[in-house]
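Labels for the chains are A, B, C and D, by order of writing; each one numbers its residues from 1.
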Amino acid sequence: MSPGLPARAGRDDSTERQAVNQLDRNARGVYLITVTPFTDSGALDLASTDRMVDFCLDAGVTGLTVLGIMGEATKLTIEESRVFVRQVLARVNGRVPVVVGASAPGFAAMKELTDSVMDLGASGVMVAPPSTVRTDDQIVSYFQMVGETLGASVPWVLQDHPVSTGVQMSTSVVLRILKNSPTCVMLKHEDWPGLAKLSAIRAASEKGELQRVSILTGNGGGLFLPEELTRGADGAMTGFAWPEMMVDVLAAHARGERERAHDLFDAYLPLAKYEQQAGVGLAVRKFLLKERGVIASDFVRKPGPKLSAQDVDDIRFLVKRQEKRLREIG
Amino acid sequence: MSPGLPARAGRDDSTERQAVNQLDRNARGVYLITVTPFTDSGALDLASTDRMVDFCLDAGVTGLTVLGIMGEATKLTIEESRVFVRQVLARVNGRVPVVVGASAPGFAAMKELTDSVMDLGASGVMVAPPSTVRTDDQIVSYFQMVGETLGASVPWVLQDHPVSTGVQMSTSVVLRILKNSPTCVMLKHEDWPGLAKLSAIRAASEKGELQRVSILTGNGGGLFLPEELTRGADGAMTGFAWPEMMVDVLAAHARGERERAHDLFDAYLPLAKYEQQAGVGLAVRKFLLKERGVIASDFVRKPGPKLSAQDVDDIRFLVKRQEKRLREIG
Amino acid sequence: MSPGLPARAGRDDSTERQAVNQLDRNARGVYLITVTPFTDSGALDLASTDRMVDFCLDAGVTGLTVLGIMGEATKLTIEESRVFVRQVLARVNGRVPVVVGASAPGFAAMKELTDSVMDLGASGVMVAPPSTVRTDDQIVSYFQMVGETLGASVPWVLQDHPVSTGVQMSTSVVLRILKNSPTCVMLKHEDWPGLAKLSAIRAASEKGELQRVSILTGNGGGLFLPEELTRGADGAMTGFAWPEMMVDVLAAHARGERERAHDLFDAYLPLAKYEQQAGVGLAVRKFLLKERGVIASDFVRKPGPKLSAQDVDDIRFLVKRQEKRLREIG
Amino acid sequence: MSPGLPARAGRDDSTERQAVNQLDRNARGVYLITVTPFTDSGALDLASTDRMVDFCLDAGVTGLTVLGIMGEATKLTIEESRVFVRQVLARVNGRVPVVVGASAPGFAAMKELTDSVMDLGASGVMVAPPSTVRTDDQIVSYFQMVGETLGASVPWVLQDHPVSTGVQMSTSVVLRILKNSPTCVMLKHEDWPGLAKLSAIRAASEKGELQRVSILTGNGGGLFLPEELTRGADGAMTGFAWPEMMVDVLAAHARGERERAHDLFDAYLPLAKYEQQAGVGLAVRKFLLKERGVIASDFVRKPGPKLSAQDVDDIRFLVKRQEKRLREIG
């Protein structure tokens, strides 16, 4: 268990399992943001959910994040959210931590979902600010209330993703939130551009200005992964139809092979770029996961994008080029 | 029952009561947007809820709207929402229609809440667009999906409130939505400034370009009520600690007494203006409702405003002036 | 001359006149924001400009602000701006300070206009932030650059008007800017709601946390003037077709006649409210100034609003009511 | 000269040269968006300007666009803008068309700059919408006024760049503007994601629903160039420190060598991605242009980004990898 995080009331029975899975300040590696698989008629697809979990773990991810923006969280009922999280947790069975997106328009709903998924065995939750907070003080105050709402035993991830939230958090605001929040153990760094911010937060943590915090990145939709590792990121928390790419890039970086890390990354970059297009990107990702045999349907609940024949042609062309390039670099 | 709206499946038992309360295209008068009363410790206060319902009905309102923005809807759990709506409906007991705010970040949650409150006996729901829709086509498409989500038997209110949503709907967009949506029977007109828009929509409806739609207003926080009535509004849907003002202004207008309508309105205007301040306004309203003996506590759930001693001094000063002015005009 | 503001190079010849007109930290009263009069064909109308200056000075204003948002500043060429400012300054002839709006998309243009109008004899400039700055640090840094751009001898007004700029400055940001900027001598306070902010800034200035700053208000389009005076505002900087109202309200407040200040204010409130409608408001103001014989034409350059027959009917009705009410209160 | 565009009054003397350079509906190739070179002390650097023009023409561009967002247009005085445009035009000397960014907060300034640069010999101007227009009707009406302001003899480019303007133009709005505007001969397509939009606009033009329009792209900062060419784009209008890349990609595409086009593009993609970071990107571009010997200084006027040592390390590393990869693909 992470130091400073007291045991969560009522979960003593699972201390052993939780000790392994508790989200903490030293988390590293690849936390894959998963999609939520549906059947062709739009119902939750639990069989595909199981396959997706296996696929991610086989690829070597060190954690999973569910019910994020790309997990169509707002399109589920509370009950569907619970069913899906329960299925993921059962399949993961304690092998890696599972983080659940808990952003909500109000604290009552945030508390309700958090308590529910923590009781099911989640390792922590992730919270992004609502689009209504603007000034530094409003943002800091909001996350003060988030910490109070979640309570002393729930580790949480601060999501900094201006492209989707419209909320711009300066470096000094992120540092204020981290200092204020003993239970905020991880920063999901997705500001763009964000390399300077990442460097500054890492430096502050290393200089002892604040407790160490895990920094996982998704800057520009994950398009800056090798650069971010060089700046001190602990890994990635983002989605991509080839999670093995991120695992391999991290491994190369850990071995000190900077060129190799870039070679691998660059081989996937054209398709990563295509998959990261705002709006249509989720349809691309589900299409690719279906093509790879991971999920049975690429159904996206409305409102959601659809691929055109031209999109599919682009994607298939890029996949072939990616395969060729991967063979070239070995 | 409104023509064109088939009976809602599974509610045949209450046809008699619903026939009276069904929200329809000819609705007029004052639909008061209520607060959600809490105790001093922040729990739902059902006794105050009953008193508030009585207070509104005694003041002569012709409808109630609950779980709007000023009803702190996002701060309630789903279960609290249901308990509160059930209490209101029980107390109203079919005497006036009750509209429930059902705006939600996703359609699944919107559907879940709507079905729940319609089963409890609500007369319709109100939906505002999410801040993420921008272009005309996006807005029209969103409300197309709203109509499909709610289903053929749920009458709904289109809420046009750019100040809170950030979504600007042009007159032509509102007309497109109204034409597209057989079950959208009412426009809550709160664009500001909005007199020209109100005139244009009313004119289109009178020229037969679209089915008649009820237009209730809250333009500028209700600060333009007499002007809006002159433009053809059917009444008001907004909140104010003196609902009798709106009832009296409408009555004067209906009698053709334009000067009297303005005299009444102007007597309340300084305090209405004070109560309509964004952010702090809800605290002002709850304070006044408590002072008037309607609710037991002026507790606002966080995040929420608090009144300063200076605010309270301002309010008490304005209340005395309002009482004096009302005596003057008789 | 304000302490701490060195004489502006090259303007020694006008020291006498400037000593009277220099904008300083003790400024109070009514700084009327003027319109820019055009002829019916859209050209600058210098004869109306002269009449407008006389009208304002006759009404008792203590300063003028030109080329603000309501002065259609962005619709003028640089040369037209200079011609208009020169005309105003010539007519004012040193009797009151004249502030010129100098907000610009870039610092080069801001500097160019500022130098030009200061050389013509302006008393200072007013700057609002561009809509692109968001975080506290961005805002503070922007105004740091504003101060450097304007130079040590140009007194300036910080305009805090989120409704038009989209920039939300918290109280702490305003205080940081004021502390950073020895030449920022006045705050144009237009945040809404803003009474708490006004109280906090006034208190900080009185506690000696920062140098005294003049605070003129336009909160909610001037709709909270009496409340703002009670909170310590030094006066108003806003536009209204009856500047004498603001002068009289300030005088009543200065005599300690709070009820009288409100009586006067309330008499004008229905029309003030109508004139303050975003967008259409400028057309209302120019219409009223034309009706009062101040300007020859109510032409508004495009893009700009036009009044409908119904708007004109509303306005004439409200003017008559205002006249009647003024007679009643004496 | 483009059919339908009458000769511009007063420029008959240069008809010959203009006949070559007039911007028209069939424009294709690479219109490079240039930076504005400054000296280390921030003054215009006209010698570097000449070198930059030569560098672009040597690289094979078919047009130049100056005073765009990346040209720091808002940071120049009117007079500096004129001096810079005059220098560029003199050096180009009629060899390719030169488009000048003319977006402005008001029409008077837009007209003033346009007339000035057209008189100097520019081929057309480019206009983006102001951030204040929101609804479809507001956007269409704005560009109606743009066309009227520019007059019948000035060809113009519609810039669709939501990331910088905040204005989202749906496909139907772009089509309405193009149909309304006989002098709008080119679309600078930078919406992101925008492939579907590009396909739709191209299809409408090919089906004869509107006059042919040139479509140059900069989607995602130019990161989708090969995909856009496949969708029917006529070329690119964006900036990049290696304009020869875009020229070569277009040439490969024109020869039907889709794989070759992608090979070339992918070799540059890691650095293009780095250079396209919002905010810091301009500093990256100027740094690279300086490294390549094109401009003497990488000075960026404030407010502007600065590179850190880590940024420079990243860039140099990526440049070496780019050179290696280019050798590999031959």
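Please note the rule applied: a contact is a pair of C-beta atoms (placed from the backbone, for glycine too) under 8 Å apart; a residue touches a chain by one contact, two chains touch by 3 or more.
Remember, it's a predicted structure, so these values are computed and weren't measured experimentally.
S.K.: Can you give the shortest number of steps from subunit B to subunit C, where adjacent chains in the path must touch?
M.R.: Step count on the best path from subunit B to subunit C: 1.
S.K.: So, comparing C-alpha centroids, which chain is the farthest one from subunit A?
M.R.: Checked the centroid distances; the maximum from subunit A is C.
S.K.: Look at the interfaces B-D and C-D and say which one is made up of more C-beta pairs in contact.
M.R.: Of B-D and C-D, it is C-D that has more C-beta pairs in contact.
S.K.: Round to the nearest whole Å and give the separation of the Cα centres of subunit C and subunit D.
M.R.: 39
S.K.: Taking each chain's centre as the mean of its CA atoms, how far is subunit B from subunit D in angstrom?
M.R.: 49
S.K.: Using the touch definition from the top, which residues of subunit D touch two or more other chains?
M.R.: Residues of subunit D never touch two or more of the other chains.
S.K.: If each chain is a dot and touching chains are joined, what shape do you get: line, ring, star, complete or other?
M.R.: Contact map by chain: complete.
S.K.: Would you pull the subunit C residues touching subunit B in the complex into a rising list?
M.R.: Contacts found on subunit C: 192-193, 195-196, 199, 220, 223-224, 227, 230-231, 258-259, 262, 266, 269-270, 273-274, 277-281, 308, 310-311, 314, 317, 321.
S.K.: Please name which positions on subunit B make contact with subunit D in the complex.
M.R.: 134-138, 168-170, 172-173
S.K.: What part of subunit A is in contact with subunit B in the complex they form?
M.R.: Residues in contact with subunit B: 73-78, 80, 104-109, 111-112, 131, 141-142, 145, 301-303.
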